[in-house]
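Residue numbering begins at 1 within each chain, and the chains themselves are lettered A, B, C and D in the order written.
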Amino acid sequence: MFGIFGSPDAAGMTYYGLHSMQHRGQEGCGIVTADDSGRLCCIKGEGLVHEVFDESRISRLKGSMAIGHVRYATTGAGVIENVQPFMFRHGTGDFALAHNGNLVNYAQLRSRLESTGSLFQTSSDSEILAHLIKKVPDRRKQPRIYSLIEALQQIEGAFAFLVMTSNRIYACRDSNGLRPLSLGLLQNGGYVVASETCVFDVIGATFLRDVEPGEIVTIDRHGLRSNFFCEKCRHAMCAMEYVYFSRPDSDIEGRNVHSYRKESGKLLFDEAPADADIVVGVPDSSLSAAMGYAEASGLPYEMGLIKSKYVGRTFIAPSQELRDKGVRMKLSAVKSVVKDKRVVLIDDSIVRGTTSMRIVRMLREAGASQVHVRIASAPLRFPCFYGVDIKSREELISAHHPVEEVRAMIGADSLCFLSEDGMKAAGCLSDLCLACFDGKYPTALHGANNKIIKRSLCAEL
Amino acid sequence: MFGIFGSPDAAGMTYYGLHSMQHRGQEGCGIVTADDSGRLCCIKGEGLVHEVFDESRISRLKGSMAIGHVRYATTGAGVIENVQPFMFRHGTGDFALAHNGNLVNYAQLRSRLESTGSLFQTSSDSEILAHLIKKVPDRRKQPRIYSLIEALQQIEGAFAFLVMTSNRIYACRDSNGLRPLSLGLLQNGGYVVASETCVFDVIGATFLRDVEPGEIVTIDRHGLRSNFFCEKCRHAMCAMEYVYFSRPDSDIEGRNVHSYRKESGKLLFDEAPADADIVVGVPDSSLSAAMGYAEASGLPYEMGLIKSKYVGRTFIAPSQELRDKGVRMKLSAVKSVVKDKRVVLIDDSIVRGTTSMRIVRMLREAGASQVHVRIASAPLRFPCFYGVDIKSREELISAHHPVEEVRAMIGADSLCFLSEDGMKAAGCLSDLCLACFDGKYPTALHGANNKIIKRSLCAEL
Amino acid sequence: MFGIFGSPDAAGMTYYGLHSMQHRGQEGCGIVTADDSGRLCCIKGEGLVHEVFDESRISRLKGSMAIGHVRYATTGAGVIENVQPFMFRHGTGDFALAHNGNLVNYAQLRSRLESTGSLFQTSSDSEILAHLIKKVPDRRKQPRIYSLIEALQQIEGAFAFLVMTSNRIYACRDSNGLRPLSLGLLQNGGYVVASETCVFDVIGATFLRDVEPGEIVTIDRHGLRSNFFCEKCRHAMCAMEYVYFSRPDSDIEGRNVHSYRKESGKLLFDEAPADADIVVGVPDSSLSAAMGYAEASGLPYEMGLIKSKYVGRTFIAPSQELRDKGVRMKLSAVKSVVKDKRVVLIDDSIVRGTTSMRIVRMLREAGASQVHVRIASAPLRFPCFYGVDIKSREELISAHHPVEEVRAMIGADSLCFLSEDGMKAAGCLSDLCLACFDGKYPTALHGANNKIIKRSLCAEL
Amino acid sequence: MFGIFGSPDAAGMTYYGLHSMQHRGQEGCGIVTADDSGRLCCIKGEGLVHEVFDESRISRLKGSMAIGHVRYATTGAGVIENVQPFMFRHGTGDFALAHNGNLVNYAQLRSRLESTGSLFQTSSDSEILAHLIKKVPDRRKQPRIYSLIEALQQIEGAFAFLVMTSNRIYACRDSNGLRPLSLGLLQNGGYVVASETCVFDVIGATFLRDVEPGEIVTIDRHGLRSNFFCEKCRHAMCAMEYVYFSRPDSDIEGRNVHSYRKESGKLLFDEAPADADIVVGVPDSSLSAAMGYAEASGLPYEMGLIKSKYVGRTFIAPSQELRDKGVRMKLSAVKSVVKDKRVVLIDDSIVRGTTSMRIVRMLREAGASQVHVRIASAPLRFPCFYGVDIKSREELISAHHPVEEVRAMIGADSLCFLSEDGMKAAGCLSDLCLACFDGKYPTALHGANNKIIKRSLCAEL
């Protein structure tokens, strides 16, 4: 999610901004600009940023204000209608909206709205905020910010929202601060708002501050203004942003992601040393933790796994038959490096265990004499309802098997996870959301979701 | 506009159906199908039917029921958001909607709906019916057909609507019958509904009957049922459907279009004979009238103008400079045919006069000694508010100039139009809508439109 | 085939020129330009002209001289390597070549060239001329025109060749004049050379003269020069150019194609009148003949068959199953026109008879009471070795069946063909090539071809 | 370059093979297969492997034998005509050819061939071998291998050639062994030949042996056979293959590339230690050397530079204006990592110095207090005539400036290069081609090239 205000080339900047957050979503993307006359213009499509946009399309998006979005399908269908930003035509002014996160009381709100005649065009939970804003009674007589505050107060879950009208951008963050959202300053005095700070370096902006939990930052020609839509706020940043999701050159709530990961690798060595010859990380997200482990252990850090940099979405994946014959495109083990070596393999997490199993086997086939797996986070045992794509407990190998069983299933010589305390210590943070590790959800869960979690909790007992 | 019920290959049939109505709109097109579980699936895009759809896309549209639409931009922006059918997600069942025509009280209705919280996603007048249906109070307790009747009663203008739910298609036509809509029967007992009957021949269906003005035909597994949403109905079919818009192999309200045009050519000769050597029609829509004129006059009918059949939307149009140098892609005069001949040129209508001027000049450059222009309809003097793209009176040369001045402007040796009586006689019809010829609009015009027409009428006096 | 010399926008003009000859080949197309420094630049691809070229590609083709080609696959594989023009890199100067027609001693020449080390990159017969030019001994000491003359003298068959060097275009035509090639004059004094004269009207050029059989016209900054590479020449223009291949607005050897066809329709009535109500032509190539027949007979000429103008190459063709169910995209009969009528159906030729059979059946299904088929050319009984795609006698229904049997097979009430004398009389020409009708080939046939023809002739006896 | 013999899915395997050598060329690529009847089929295009090929195209390439090529434009124009493999049609059997490297006596050979009538279709030096093979006299009477040997004996330079006929693949390597070429064994007994061994892991083959300098390996249904086309051979592998060009998981002449690079980093520390806080490598090719330097020095290895993994060829590059404003897409410095640190920056080479300058500046702007640049190869001072894209001495900063000047120009606090002895020691190799470092070319240079090098050497004195 990216927004910009006061840049002569707003669409181009948004393009670069979205591009540097491409890792957050590859399903689709879109940009809405508002030109000087306040007219909104929207282009979106399925695919990567550079597939959806080219120079001619960017040049059709005129104006000094824009919001953009890259889509990461958390709900089933990756269809075009759910690609954001959403744009709404309204007699009091058109507006556009982009959302990162997941709402937990979405079904209840939608049902209530429909019963009074609201019509939805998508199956996305993100559309709901727009309807809530417009349903607030007497909205013509009060400033729009009050409608927005009232609407946000009805929503529960994890979110960062950008709402753009013809002359203003509103940037909002949920009261638990589960999803990141940061403000930056352009050289020319304009403003940027983005899900990750790495964007600021890319487009030449400087980091200003994070949007606070429960805050609405209004950006317009008067500069920045702040409102809070809720009184009780806390900092419970999603731990997976550090572990896996964000780019290593981003800072989240003041903590650099690469540094967090490297530190987690060091702590992982302290908690679980291994008698081995070399340290190998799974590219790309586990390399920092592997460096930390290597440094703490004094073992050499080696490039024992190579990830092809040209494997993209449009690539023809080898058929099962070809895979059985040994065709491996994405990741390959470097024989000359791992042959006859005892390898410590560092990965960021284990979800279903299938990937770990495959990598361990690959290393053994390449000649590794032992493979000791070390995971730079705790075992994943609970589903996430806040937008990280870990659907149900059924898929989580650690929800059903103790560590020793998991070790046997993936075929490793030893297996250890970083403790939850270690995860917090790596960031010097006391208030991470660790719900997918410990099941302590920071919000109510409502309706349908409760069923899943209840079933999960029952199974737990 | 096309709908089909009860065909195992509904999407494919819709593809062929839309394709054979391509002449009704080249801006964009879309298809929505409902599969056996009642799930709606939609694909649409900008461009011609064969550009938007290929086999893989058609195969993704599963189900035995479908509606489709080709878009002809009557309002400015040809943007993708306005390409139909529109699809709506709703707790009581998703539904889709396609519309042919133009609503005259659209602005009033939209403003009223927005003031009670409705959110529009397009700038199209067609979206309004969906909101009206859902705004009808207590709609859950009564059958959906009542909501539809109530909604249609609020709408004024020219329309044919198709509404598809998970198990049913509703086909509706306005109370003046301004836009055509016909029912056909598939060989397997399924039903088809289409704007033009030529579709039935193409897909192997047989013509059943027209949807009546003011009628709602419900098509579902019980067969056809009929409701009327209004009591006073009349047959005032748009004359331009005969003159220009429809395909010659379609029948409109029982009258074949080619036959209508040929008859209009004969009557045109009766009203306005010309002393000439050959008769030439402007391809493609004026060929039938030219045949009729030739037959009545005994003059040879010749191919004096050739239209390139490969000129499509994606073609690079010659620049003004190249046009000045003589580059003409679309239409060319056949020198060997028209050289030293007195030509009767038959065209279907004159809008701004620029095309006629160009063709007359082209014929003279190719050696024609005289060019007598005969138009197989009356002079266009009033704008259409019902969906035919004749924007304002400013553009209509006949609104501001008597016939003799028009003749001089287009450079013809003589110029005659068919009379309004002739237009009716050609179809044996007493109840055509001739509003763009005589200014007698069959509905109220409401708000903004009134201004245009008032200005026009003032200029008239 | 198209060439242009001395136009500031040579590539653009070639684009329009090729586009207006699109009917001569839809497989692929290409353009080679020579810029002011003499550098040749080539772009080609599979598909229609407007699919292969867009504005950016045309703008990359700089220079005031160009040749272009549209490919019509006479030999099996429609592969990209065979799309022309061909470009050759050579130390004495690069050159490009385009060819229309078919060479009969190609296999012998190629075998001879390969045995002395020549390497071919395509399977096309058109490449041979380039190798022959470069194989002429001592070619560096004599002007290039002598190499060209010597090379052309070795080739037998039907051809029109364009050869472009860095500063010159050579336009050549075979000694029997089987393929057309005409010269035109641009308004700015530049020259155009094209397979059909309709091109001249399109790009604003005026017809100058035809290239003569056996002539090489050299076009460069000195203007036009003429050489003849053979002494005994005759005019034996391919009859199918008049009957089917060329556009009606082209003139071939001074005779307009539409006029030829209309006259052939009149003569056809004289030879074979029919007792009927209406005359219907098969669109598009038989409309002129139908007009002639109608005019001579006094019967009304009606639009009883409609061809969809949006059916293109990329269209999804209905499956056999759908066709059996009645889906017909390309051509449909107009029920209201043909119902209860005795129809004279005019077509240009019958090849395998399947299309005729289908159209007759379609007319009957649409209600025609009788269908009298009249063909505006003689029965096709022999294969063409000169570039028209009539492969073998096996496919030609008239090669194996007398007229009465053919009539029964296509299901017509009566069937008549125009006589060969009628074909000549329509053009006031004594010297058409009628080889595919009468088996009298104007050249030797050589090797493999002889076998086919011999087998055919045996079967004949 | 990739070849495969005896695989049921030859085209698919070639696709994966080329894909894993994508780093060797991104301009274009092609595949030629030979099907069971010996018919060759070729598809090629401009762009990346996954852009040129999709499943439908791969499935059209039938047969159990294939060769493929990725193009890396060493000569100016990246035009489609120069994309390999080249295919030749010939009476004695079609054949295809792919080439990696650069020929130094190309101009002389081509001129000689053209003077006896050979026609070239490309401006590539690779086409020459095909013509030489076919020019060998009496070639029909002797086995084809003799023609190939005679042809190869005339060629000088760096090359690996694959020649495929209807039933056989020939794999050849130049007599100095400048370009790599290795043989692998498929699980089903078939053979693979590839420029890099990383391919074998990817497609599940095992490394067999390298093709020797001066060797022709014939692969057909009889298995492998070996011929030598020259008697005096040596091993002078291009050093840049180790330093920059090859993938880290490839082995070249028995030495793993990652291990070579890591060792070179260690030796670089021995030769040029730096007083610093962290070691940072330039991604991707310098990461191994950086690991080695860090390990030898005991300094932490940090991710101080991030390369965006989504930057591809089709990406919109920021304009100069945007770059000046700070937009940086490809590489960014991680502020939190380098801030207030003394950084050792490891790169693999310095060509023009502009990239190094930009990275040093970027690190300083991100807060690095000192930047010590260490290059894991010697200074580049001479052009390469063997296929590595280092065009002329003019571009090589180290050809004109001593190390201290270069240091000042790139703005580093210190700058050291690895010695040539160090380069050899890293690989335990005595016989690398180090021509671009020391000017000692292993072959004669011929004509035009000599001029460049002479000018260079003069400037040197």
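Everything that follows uses one rule, which is that a contact is a pair of C-beta atoms (placed from the backbone, for glycine too) under 8 Å apart; a residue touches a chain by one contact, two chains touch by 3 or more.
Here the structure is a predicted model, which means the values were calculated and not measured.
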{"item": "Any chain that touches subunit D and subunit A", "value": "none"}
{"item": "Where subunit A and subunit C are represented by their mean Cα positions, the distance between them in whole Å", "value": "61"}
{"item": "Interchain centroid distance [CA atoms averaged], subunit C/subunit D, Å", "value": "48"}
{"item": "Of all residues in subunit D, the ones touching two or more other chains", "value": "none"}
{"item": "Pairwise chain contacts, counting only pairs that touch as defined", "value": "A-B, A-D, B-C, C-D"}
{"item": "Residue ranges of subunit A in contact with subunit B within the complex", "value": "42, 81, 86-92, 110-111, 114-123, 130-131, 134-135"}
{"item": "Residues of subunit D touching subunit A in the complex", "value": "9, 12-13, 15-16, 19-20, 22-23, 48-51, 53-55, 58, 187, 198, 201-205, 247-249, 251, 256, 258-259, 262, 284, 287-288, 291, 294-295, 300-303, 306, 308-312, 314-316, 318, 322, 325-329, 332-337, 366"}
